[in-house]
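Structures are listed in the sections that come next.
Shared between the two complexes below is chain A, which pairs with chain B and chain C, respectively.
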Partner chain A sequence: MSPRAAWRLETLGFGEVYDYIDGKVDWMAAGLPTEGTNAQHPRAGDIARKDVPTAGLQEKLGDVKARVEVQGWDAVVVVNDRRVVLGLLRAKELAGDPEQPIERAMRPGPSTFRPYVSLHEMLHFMVDHKLDSAPVTTSDGRLVGLLLQKDVAAEMEKK
Partner chain B sequence: MPREIRREEVRKVVASGAQLVEVLPSPEYEEDHLPGAIHIPLRKIDSQGVELLDRKRAVIVYCWDTA
Partner chain C sequence: MADSAETKERCKGCDREIDICAFCQEPGCAAAICYGCQNRELRQTVPQPPHAHGG
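The block that comes next holds the complex of A and B.
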């Protein structure tokens, strides 16, 4: 749709016309702000926990477990040096052999969600799929935070 | 010829004074639009484009995605 608008504007005499081809979905997937009626309601990216602990592939499971337990977490997002999500460790994985590297202990390729997804939609999905938590990422896979089902439910109850 | 740009360039061009235009139908614009974007649905681009936009300034148009 936007290419046609761009071309038409040019034929109408506009000299400098740009087409943001990736559009609104790309903007919102990056967690950037919007205006409008939906912008007043919190979405997945707004309440995802930004302080979720992360770990690298080569760390030892035992080291990571000790580190995150002190912080009160039972989930860890595995990322590379660009914060792209590679895996997830929940309580079950954290209870594994402490000597094994994270890349063997982790649950690889977890489902991720974009920051603009509504809380209503997230709660349904998380309940239906029995997910206590879910990573929220930008469209290029970078970690925004970890969304906890209990946080979503609490936010929905405020309404 | 209109030039395709990506997110980071959108921010730069807007910061330098470009007009940002969403061409989707009204309900979609009302729910969410980029900060500062004005609304000109594609079907009204001929009339409202001329009426609402300044030809001397850059214009960025966008819709939902690449489709």
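The block that comes next holds the complex of A and C.
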């Protein structure tokens, strides 16, 4: 909210009021809760799979592939020690030379999407682009989860 | 002489020439879109007109 609105709330008796300088969009991009009519609709961050496997740049592709296959995944998000997304491995990349490091095997700088993006719009895009999954991150690039097209479609069917 | 012209994509939103689709990053994408149009369509950035309030 604006500083004036914050001051006004204080005059109304609210004790802890903050001016969130980066704005509402950044708040939502961090996956933080919102209120109001729109808050009722599920968004990308709500159904993105938080348990998506991750890997570091220096790991060997074969090791990562073996680890994630037993979990039933065909996608891995490459992150640093702060969970900032650096790359993505889909089935095509996972099928590469098992001896190479992730850094060489990965698809670098993948497109990422904010948690507040509406499922309806994401589904439309994912179908048009034949994309099975898309990483969801905060505005500073930290991994929220992997959004699966099949999950989005199932969620939309509930309506 | 060999034809060296590169095949570039065009954004379906603004028709600008782009290297690769910002959404799927796949060459030859039939629904190629630039980063700016993608963000607008997904409402990942909100246009900030001059604020009506005194903020």
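Rule of thumb we're sticking to: the second predicted complex is superposed on the first by the 140 of 159 C-alpha atoms of A that agree within 3 Å, B and C clash if a C-alpha of one lies under 4 Å from a C-alpha of the other, contacts with A are read in each partner's own complex, and residues count from 1 in each chain.
Following the convention adopted for this analysis, a residue touches a chain if its C-beta (ideal position, glycine included) is under 8 Å from a C-beta of that chain, and two chains touch if they have at least 3 such contacts.
Fair warning: this is a prediction, and the values are worked out from it, not measured in the lab.
**Q** Just to be sure I read the superposition right, which of the two partners does A:107 touch: chain B = first, chain C = second, or both, or neither?
**A** Only chain C; A:107 stays clear of chain B.
**Q** Can A:3 be said to touch chain B (first), chain C (second), both, or neither?
**A** both
**Q** Thinking of the overlay built on chain A, is A:25 touched by chain B (first), by chain C (second), by both, or by neither?
**A** A:25 contacts both chain B and chain C.
**Q** Is A:118 touching the first partner chain B, the second partner chain C, both, or neither of them?
**A** A:118: touches chain C, not chain B.
**Q** Touching A:131, do we find chain B (first), chain C (second), both, or neither?
**A** Second partner only, chain C.
**Q** Chain A residues in contact: does chain B have more, or chain C?
**A** B
**Q** With the two complexes superposed on chain A, say which partner A:14 touches: chain B (first), chain C (second), both, or neither.
**A** A:14: touches chain B, not chain C.
**Q** So which positions on chain A get touched by both chain B and chain C?
**A** On chain A, the overlap between the chain B and chain C contacts is residues 2-5, 25.
**Q** Once bound in the complex, which stretches of chain A touch chain B?
**A** Residues in contact with chain B: 1-10, 12-28, 30, 32-39, 116.
**Q** Which stretch or stretches of chain C touch chain A in the complex?
**A** Against chain A, the touching part of chain C is residues 21-26, 29, 31, 38, 41-46, 51, 53-55.
**Q** Which of the residues in chain B come into contact with chain A in the complex?
**A** Against chain A, chain B makes touches at 1-7, 9-10, 13, 18, 21-24, 29-37, 40, 42, 45-46, 49-50, 53, 55-67.
**Q** Touching residues of chain A toward chain C in the complex: what are they?
**A** 2-5, 25, 107, 110-111, 113-114, 117-118, 121-122, 125, 128-131
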